[in-house]
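Below you'll find the structures, each written out as structure tokens.
Two complexes follow with chain A in common, the first pairing it with chain B and the second with chain C.
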Partner chain A sequence: MNWRGIKAVVLKDAILYFRNRFFAVITMLGLVTFVIIYFVMPSTVDETLKLGVYAPGIPPEILESQEIQDGIELTVIPSEEKLKDEVLEGTYIAGLALAGNPSAEFSINVYLASDLPDEMRDTIEALITEMAFQVTGKPAPVKWQQEILGRDMAGEQIPQRDRMRSLFAVFILFTETFGLAGLLSEEFERRTAQALLVTPLTLKDLFTAKAILGTIMAFVQAMIVLAIVGGMNVQPLIITVAVLLGAVLVTALAFFMAALGKDFISVMAWGIPGMVILIIPAFAIMAPGITSDWIKVIPSYYLTDTIFQVANLEAGWNEIWSNLLILIGFNIVLLSAGILALRRKAQWA
Partner chain B sequence: MTDYSIIAEDLTYLYGDLVAVDHINFQVAEGEILGFLGHNGAGKTTTWKMLTGQMKPKAGRAIILGNDIAKHTERVQAEIGVCFEYTNLYDQMTARENLKFFAQLFGIKNFDHAALLKRIGFEDKGDQKIEEYSKGMKQRMMVARALINKPKILFLDEPTAGLDPVSAEAIRSIILEERDRGATIFLTTHDMVEADKLCDRVAFISQGKISALDTPHNLKQTYGKRMLKAQIKENGGLKNIEIPLDTTDTPEAVRSLLSTEKVITMHSEEATLEDIFIQLTGRALKG
Partner chain C sequence: MGVMRIAVLLRKELFQGPKNFFFIGAIIMPLILSFAISLVFGTLFNDQASLGIVDEGNSQLVMMIEENSALVSIEYKNFDELTDAVRNGAVDGGLVLIPDFDEMVKQGEQVDIPLYMWGESLAKDRSIILATVSNLVRELANQEVPIDIETITLGEEENIPWNDRLLPLIVLMAVALAGLALAGSSLVAEKEKKTIDAVVVTPTTINQVFIAKGLLGIIIGVISGIIILLINQAFGTNPALLVMLLILGGIMAAGIGLLMGAFSQNVTTFFSGMKLFGALLYAPAIFYFFPDMPQWIGKIFPTYYIVQPIVEISQQNAGWSQISFEVFILIGLDVALITLVAMIIRKKPQYAV
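So, the complex of A and B:
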């Protein structure tokens, strides 16, 4: 390997990267925006259910009793019509209107917002059963038994902004794909690669230099963002290894994009659909339950899942070693294929 | 014994079934300027790429400075300078940055970029970005870049194509200075006048084969016909007459012309390389 030549190419590309206003602006904008988004978002999760109640026959002190109030905020509303209006306006996720005498026969009208998820409707139904018991003193004919699977996160729900750490890291990493792929495709489009390859620099040296720059740029930016948003507070070594592997993945994909694209525009055209696919696992973490096992065929799943588990659930090497191993496997396959594709392009350039 | 900087032995290249370069053989002596002339698609660029290590021959070999370039590519490339027909400098970098970067690739310590910039007349333009240069300036920079490592062989592909006369002449001067320094020059060009003026020998390549290789003078002697060209007055207008020289009928034809016609102008003319190229390859170099 010609390390002197590789170093020269890395430094040259770093200069060209920051002289390209588009890359420079995107890089800085990405770093600043993600950090701002993180700190603007709430740092805690409000786990209280806010319900409105219209119950003319029930004294307010019963409704305000601690047993009913645990995790629920009940507000007594003076009329059923006002209750409906409040639910429609989104002040309460549901409204309960009691009709009849609570000591005898009575019915409960439940008003729900139209966009309330099914699971929340079930929760409210269970809550009403419980409240009915509190009010009437008659036990519900169902025996409830709870079992918490995995770590009980009650009272310490993960704030949405912390769930987004994986998204920030993946987004920053994959944005870098465009920068590297752009530099590579320009090298062939402007035929400067040919000028390099009639010096003692070989194609292997050139690819190594590009891979080093791409990996460093992606790695450093992702690490900066993660450090600022608290992603490095737990198990920094695991996070560092995961992000490094993610940066190598980015380099491999950039090689592919550069091989497919003729110029920066076509690189963007190939890259954007790819980037959307690679970001899906990060969105899945933000909204659990929206995806199934198919997501595991996307290489970035193993990166996002590792960052999420380590940064938010304090997972250690034992829990995530398989993720890292799979990520290494993806890197080897994709990097080899990317180099092969780019080599073919270089030979025909 | 002559030392050859370049030896092509049965050099061959195929694109699929198409033979681009067909078992060509030639040598270029140390300090010699060889002009490589051919029309588009003749195999000129493919040969040039094989000689500079950009392509590996399918058969035969190219011995550059005593090394088979296909086997010792980097070793040879450290000793040669290559100037492309098209501009492939880094536009976003200054002239000085471009030169320093390539000097680093060659591992040159204490590289004197100022001297090289001065040599191409860019003493005060070194900090300008290449994108601000004119075509002629860029081409001069291309030549300067090829000289960074003080090459033993300089490969130049159409170095003056499409340039203004001043830039073209500046580049020709550099080529001659390099020859005087002892460098071997391999020059591909469409410009027959340039080849005639600069080259010690020229090779004509057509359909992947070398159809002639000699000094311009010898080629003209071997293939060219000297002519006497005259302009006479006839029926109130002018008429051009050509009389071949070097034939047994020449004295009589000239005597007859002078005694019977009113000659306005008369001069002898040598065959040009262009004429010989057409004669040997059956088609003109340009167009």
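So, the complex of A and C:
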């Protein structure tokens, strides 16, 4: 290995990259956009349905000790008019005006806003009806034996923006592949690579230099964003290792794309379908249950799952070592295949 | 003005365009997204509680749950499939109905039924599942509601389903992607290949080249926007007004595309710009996804003045009087952009060629 030559190529490419101030500024602004999206999104999960209650003469506690109460937040409102106003303003999803006495004659007016979806109307009606049964002491003919499958996250739900951390990391990493693949493919098409190879630099050195630059560029950007959005708050070493492996993975994919494409546009044509596939596991984290075990054949699954588990569920090495091992395996296979494909292109060129 | 020359240049763009990746992407992407995003995001943002059921007998309750819109129900073949689905979050809850369940309930027997809940399911979804299923079981057992419940609807606003909320994003994507990507990428590609130098040594002026490329973006953007609106049956009662807005939106997108194209020396730089400006252009549409977010933020972005009138016309059948304020701002922004592009061509020709 000609490390001096490799260092020179890495420095040359880095200088070229940052000399283009527009390119550099835009890349930074792109990162800022991700950060803004993160901070604009809600930081908490609203787990309850908020109902306003106007119940003159009826102790509100009567409604608060029911089996279905965990998911409902009742707030007592001093007047029926105010209750209607609050429902119209969207403070409460529904307003209940109770009249009479639960032990004798009893009625409920349910106020719903007109823009409430039909399914939510049915939901509210079901909830109120069940509350009415329970308030009047009529047990259901079934006794539910509740069992929680998986870790019970009640009260500690993960906000959607924190689920998106994996998506940010994967998106930044894979977007960077276009830049590296474009640079590589144009280097061969414009024959600047051939010019470099007449120096003491070998093809192996050239690939190593490109791999180092691509990995550093992808890694640094993803780490900056993850650090700002709180992805490094728990087990930073695991996250660093995972992102580094992810950066190597995208560099390997960039080699493939560069071997297939002739210029930046054809690199994009090959890369976008690949990128869409690789982003699927990050979407699966945002909407659990939409995919099944087939998702594990996508290499990026092991990266997104690691970031999600560590950053959100405080997983440690014991829980994710297998993910990292599989990611290393994918990296070895894909990097070898990518280099082979690019070497063939270089030889033909 | 050289209308004939512009027409020749435009014809060339339209015939050569389909070989360009951006051209194909700009037309096909919004169409694919129109079908795919509504499907994917419709599921992603569906906040209805879901219940998996295994029916070991032939319970009437299954059909009652299916017909109730408070829950989304999925039937599973066996216990293992059901618990797997609950464990990985495919459904919020899981219910196993034993043989003779209906008879036991109708005879007033107290039946113990396991109800599995996904660990990450929201507390409100758990309550909804419990309340809805309990209610339906009571109905099966012919229990009567013990009190009078009257539902009263307040206000006149209509509910906007997710598919409708997604429409602004898709329309904006169609207009902006075509206007921005086509006009800009075509300019950058010519600059990179130096063909623009060859064109401007002929009697064709750089202004005419810019106009032709801008028109390409506007025409394709407007056509894509119209197709998206037709597919989504969202033409509203004022189609002429809608087309006018698409044209004004196309002018804005093409103007931004030409500016980006003028300042980008190669496609790589142009693509980097699209990464940023793409996110900024689509930003107002995001606020339709999340109505709880402060809506004034959306007004900061220039594309708000394309999206908002389109939403008002297509979803609320608004007329000129309701949208005129936003339209005048949009026209003002278009004029400013055109002026800026013209100034760059005149005062900084090195960017244009």
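Here is the rule we go by: the second predicted complex is superposed on the first by the 260 of 349 C-alpha atoms of A that agree within 3 Å, B and C clash if a C-alpha of one lies under 4 Å from a C-alpha of the other, contacts with A are read in each partner's own complex, and residues count from 1 in each chain.
FYI, contacts are C-beta pairs under 8 Å (C-beta built on N, C-alpha and C of every residue); 3 or more make two chains touch, one makes a residue touch a chain.
Just so you know, these numbers come straight off a predicted model, no measurement behind them.
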Chain B versus chain C as contact partner of A:Arg190, first or second or both or neither: first
Chain B versus chain C as contact partner of A:Thr199, first or second or both or neither: first
Partner chain in contact with A:Leu237 - chain B first, chain C second, else both or neither: neither
Partner, of chain C and chain B, that touches more residues belonging to chain A: C
Which of chain B and chain C A:Lys12 touches, first, second, both or neither: first
First (chain B), second (chain C), both or neither touched by A:Leu340: neither
Touching partner for A:Leu313 - first (chain B), second (chain C), both, neither: neither
Partner chain(s) touched by A:Ile332 [first = chain B, second = chain C, both, neither]: neither
Partner chain(s) touched by A:Ile108 [first = chain B, second = chain C, both, neither]: second
Chain B/chain C common contact set on chain A: 20
Complex contacts: residues of chain C adjacent to chain A: 20-22, 25, 40, 43-44, 48-49, 68-70, 83, 85-91, 94, 105, 108-120, 122-128, 130-132, 134-135, 137-138, 141, 143, 145-161, 263-269, 271-273, 275-276, 279-280, 290, 292-293, 297
Complex interface listing, chain A residues touching chain B: 2, 4-5, 7-9, 12, 15-16, 19-20, 190-192, 194-202
Residues on chain A engaged by chain C in the complex (per definition of touch): 20, 22-23, 26-27, 29-30, 33, 37, 40-42, 45, 47-49, 67-72, 84, 87-88, 106-119, 121-123, 125-133, 135-136, 138-155, 157-158, 175, 178-179, 182-183, 263-266, 268-269, 272, 283, 286-290, 292
Chain B to chain A touching residues, read off their complex: 52-54, 73-74, 77-78, 80, 82, 84, 86, 88-93, 97, 101-102, 104-107, 145
